[in-house]
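Please find one structure pasted underneath; my questions will follow.
Labels run A, B, C and D following the written order; every chain starts at residue 1.
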């Protein structure tokens, strides 16, 4: 049998309307942290017992119920939004099962303020870890595809105009490098998130001899979140996780924009797998890149979540204010949209077919090797760069890069003869070939296959390092939870 | 028996993973428009029949199912997120009930693009109307309270410093006037929303002889949304509704900030009703203004929804892109938070007790009638305003507005004697009394009871006008729906 | 000789560091309102004189200086950021010229709170009027171009995939209709902005017998902004103007996205005029659509301005807080970016060349008339729409819409013969021609030349009405200013 | 004599209107990077010479001008907004001074895309370093104040209600700990920013044998920004810096909210120094916390800058688009507002007086030690926490925590006698004293002086470590610049 909301009983006996209760309740978002709350309860109870703040029998009785909840899930009744939050719901359930004399002791030495802050961090570090796992996979896909496309020539664009030829490998590796920085950001955020607020109480810790370091260790945190007022009142790590997600999504949106563009019949650089597309209810010929579009749009959703959360936390005086509750759903919505997008983006890219013939065909268009011709004049004939640029630019405007045009323009613009320097139609053609243009771009980080191979080797190394780190922290979290449950079972054994 | 998603059958037979299906599906948000979709189906079918685009028997069979859905609700199976959206879910249900030969004809001459745009507008105009209704009530509460507090003197603040005395009526009426502008904005938005996109098809209308004006009329729209490309591709009215909601919420947040402040033991200007407060899980003495805090926080939620929606729609080329689907949930989240906040704010204010004694007590503090003394010097002794301001300011800094201080300062600052002008301690005291200061502020819109009474009369008139308008449009929508259903029943009679 | 900041003299004699002064000063943004401030001073002085709150000689002396400022501009020294704002700067200048005994009287019966609010509204209504003028011109350009392109067939896209053929007229008119709604929004905002806060004082009006209605009239406002607390503390009309601008810019960004896309060598639907393009410092062949890109980006700037302003105003208690000062620069930045974008967009579009041949060439691609074939089966052979859609979709997937494929698919999918219904290769070809597809789309708002002509006629009427309204309000503002100056000159005559 | 914009000469000879030129020009924001551009030019030229890509005489001639610019500043004419940007302005100046034959060679092997990206990073790392320096100082102030206030008892608030007593040290240290996390974030961002894009060209590096690692080293970067497409097209590090700034400002806004509140006559916990306050133009008694208000408002400005920048970068395809130019001013505006706020916040806090008497006076109010009484019942009488909470809560509601009330309530609620457990009026009074309540809160991070002293020792250690790191990187940047200039002077020696 469930108890009614215990917390209000003493102080505010007046009935609250269903409408107000719903408005104030965080139940919907609390589904995200309900399981974490059981872990927090278990760790707190182990600590209370060790500090002799609850008696043995009480501890065993309550722990039995907590382990039941852990093993079989939290019953629906605890999620009723007559409760302000899941913490109240679970407490009422515990009291219903064990009586107030016992269940009522679990909240000893803590407050919902530190409890909820701890639950959010437990779930958030899992979300971060899961997201980093997806990023590892996406980066691997990009590196694998790049390795297979070092010689796939394609046009590079600036302003959506054909600019210079590059390779598909160069293009894909650009995104991998950006996503690696996203990984770094999430790594650092993880480190700041993974500290325990538990024991901070309402904000001033407790007058009882609680042991914050013990609960931190039991819950797999690397440390306590020090100052207890900061521990319950700050939400900067939450905002930081959302900001990381926004920045990642911006890059996702850019890649998706290109997938939409490239799969358009106007471009045809890529064929997306049917599984990620939809058709039209009225135009049977359509194959729409819906998954890429929705991901692109999710960028707005995640940035909107950050905007909302920032605005909510702004100007709140110390320490806890109920406003903070409203910030959390933005966190979950943002992290979820981000994680799912990264996961599906990996699927979308790894199953797509690249139309290499179309890419190469376009690579030579639009005078996109004109820069190479200007570079050639600089390199071989020692023209000032600006002069070479002016000659080639004028010839482009006149519609041709043949020898006659170039020669005439060179004479007019700079009073010099390119023919006398040794320019021939054959040399022009050779220089203007996209493939040879790409070959020449050998600087560190450039697109030539030689430079690319070196870069990919380096990127693989970074990827392996990140992957190893990620496995380590994932295992640490898993082990900590397993150990916690072992300790709990030992108590009731 | 339910059919699988009919729309994909011909063009994209490859199976889609559950994960992709969920990612692309708008089902969760479509609960908002499911009922509107039935109305749209009914109106569209009446039109198809009138234009002889479906045969009588087919129309009757399909209409029978639609009326069942209208009368008894849409079954759970239609909301399965194997369907991309509720439109596909309902179509599959119709085909399951009537066969493809019949059910398959309902989508004749339309597209999901115009269908969804129409459903959004139907639901949105209801949301707008509902919200305007709440605003009418809130404004009434504020006007009633103001009328009862024309003589309730309180301190007015600038920079959270006591500035000048005013009245509670003046204060409450300031908010009412702001909310009246919100009402105006929603009114105008309602007018732009209330136009029918139906018949716009994918964006180029249809090659079949459909009648857009007929469906617009049947659905209670005041007109068709003209250009069919604009009708399906634009979302500016959606953004506008969200922007109106943000601006309203900013004012709500300001009022809530004051409710939080005023109910603090530091201030004690107001006692909120228990029904809108909560206590602490650990601090039994607390009575927290949670409802006001959550409302204040909802401002961030609504503004985040606008930020997200703007970002999603930005830079989308014509005409429809799947990104638009992702904008809609932001609309519903924003409108819902706004409407509920306005409703509860009305409850919160109308049940609160104002501590008039505390207000009056504070009204005289902090030299808050110093301006009035300066005004008095200007009015009675014809000092330049800046000189009067300097004399009073200097005296305040010296800690006293008694005759000796003022006289000495006046001599130093301006080489003049106030005593010679006739200043006495009695006159000073009289001028500095908050109540007399308020009485003197007689300009249009000012706080004196005389000015206030005139203002409230004017505000009541505006309120009545708005209320009447709102009743008119609410009735028009109700009547249109009733008429539509009558026509539908006649068809199958 | 300039005076130091007079306002601080009495109360806070401590020196403020240059750094703090700069941080607090609004001087940079005040350049936007400096001229308005002179008008406000003049109107206020006329009123003070009429109410006998200043003597004749004083009024004449001060008015003389004000008219000098009006005629010859405000001297640089008044903009020194030792002054908190331009109001302090101008007051110091006045006192320097006329002495404190006279110049110090101008601030009688007002506060910087109402003064600045009035200046903002004066400048904002000018900005709104200017922006609306640009919108009128842009809409005219779009309507003119549409009128010349009723028969220019082009592909319509959804999801950036060829969807159905339409016309350039239909496409351009879609944007015009969206911009007309923007105009409506600005119109309504103008009405709410054009009300006078002057005389509201710090928030409680004044104890002196000022006449708010007189100054409102003198300054060309349609009314006073009623409640004096609301008049100084609210910024919703400012937020509203920014929100209108954001919504407009979203539409601008969509059009610019298409201009970028269409001018890409990948698409070639449009050739932008050189005057709006740039080239590359390194790639001489480039012709980049920079103006369209910058406009697209300005959308972010304007939306960022709204986001900033909303966040600033959120949760500010009544009445004035210095935070409000920080909101204003966002307003000017947003309005300016918006107005310049609309103006240049008009130039960009009106000087561009449309490549009609390329448009028509693409119109027939990608099975974009497949819907018309399905419609044809519905219209002529009475197939259910969903069946027709399935047959055509399957045939598209098999790569052909020839008679053999359609017939085979129809038998498999629906066990029916299209040949028996009378389908021939000639009929198929005729139906699939883009031009004939467009001709059939005759619904209200559709792309057929007949429907388009009717729509354009209607749009012209709306445009003329808006243009006339705009001229009326522009003239009213001009006239009011002229009359004000005449009254001022009469005073000193 | 200045040259006109050299970059357009060849390709786009058509004149551009002043209006378009202004719209496209980034000159205003380029003031931020003009000095960095000279450094980039010098490093690039040293590299070109070393790689024999320019001849000795040319290099010397150009270097001479560059050093002039470095030594004497960039002349006004280079900032004319006829130039698209400062890079074009400086190039034109160089060509004017040395002739195209020489000056025109400086752009060899680079593009404005990599040039501007490099300049932004140079300036941004300086901004980050400067901001981190301010943070170090602010944290020091907070730690110093905390150390002096370990025993200053004050009320801690939740929901702006008196909750539990704490100390001023605890409160100030909470903010220091939050700001330390901000420091960490900026540190990591600095690491990602401090990598050189130079040599990435337009995005595909160059066909000439340039040496990216050399220029990176010369400019004090720790590494090259690898992939050249990523190096010019990504802006995530810029977004990250802004996001860090937003998160920091949120904390600043919270502290400022409290400064405003605490300095209100309603609270009087703090007296701000006159130098950071202003008075009213009309209310001479006012002393307004304007600096705190403006800082609070700057939070909106910084968050608006992030919102704008995110929206601008969203969905841009690779590689460079002109939109990116519009993102940069948001960066500078945001970083500047943040840095100045932190700096002034330090001044504001370090010069404020805390009213310890008022704090202690309030600490005992509002039953704020009621939790401690409940804790006492748990600790001493072994009551379940929830029961103790209920008893105390009920007694609070009845208005008294005297022995009679508590005893009666305990009997009713839990059928137990507190008197029998040994409760006396003296024990109650002792427990309820704020000071003794604080003393008992000994958990790690809690407010008791013992816990606080340990925490502050730890915080000092962290602060010293951060300070040392900051000095190291500051020196590294200074040294790198000095070395670069030495190399440059050697070339022309």
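Following the convention adopted for this analysis, a contact is a pair of C-beta atoms (placed from the backbone, for glycine too) under 8 Å apart; a residue touches a chain by one contact, two chains touch by 3 or more.
What you are looking at is a predicted structure, and each value in this text was computed from that prediction instead of being measured.
Counting C-beta pairs in contact across B-D and across A-B gives the higher total for A-B.
Computed centre separation for the pair subunit B/subunit D is 35 angstrom, with centres defined by C-alpha atoms. Centre-to-centre separation between subunit B and subunit C, using Cα means, comes to 23 Å. Note: centroid distance subunit A to subunit B, computed from Cα atoms, is 33 Å. Residue positions 7, 10-13, 107, 113, 157-160, 163-164, 202, 261, 279-288, 290, 293, 296, 299-300, 303, 307, 310-311, 314-315, 321-322, 371, 389-390, 392-394, 396 of subunit B each touch two or more of the other chains. Shown here, the protein chains touch in all possible pairs. Interface of subunit B with subunit D (complex): residues 157-164, 260-261, 264-267, 279-290, 293, 307, 310-311, 314-315, 362, 365-368, 370-371, 374, 389-390, 392-394, 396. Remark: subunit D residues 7-8, 10-17, 19-20, 23-24, 84, 87-88, 107, 110-113, 201-202, 273-288, 290-291, 293-294, 296-301, 303-312, 314, 321-327, 330, 340, 343-344, 347 touch subunit C in the complex.
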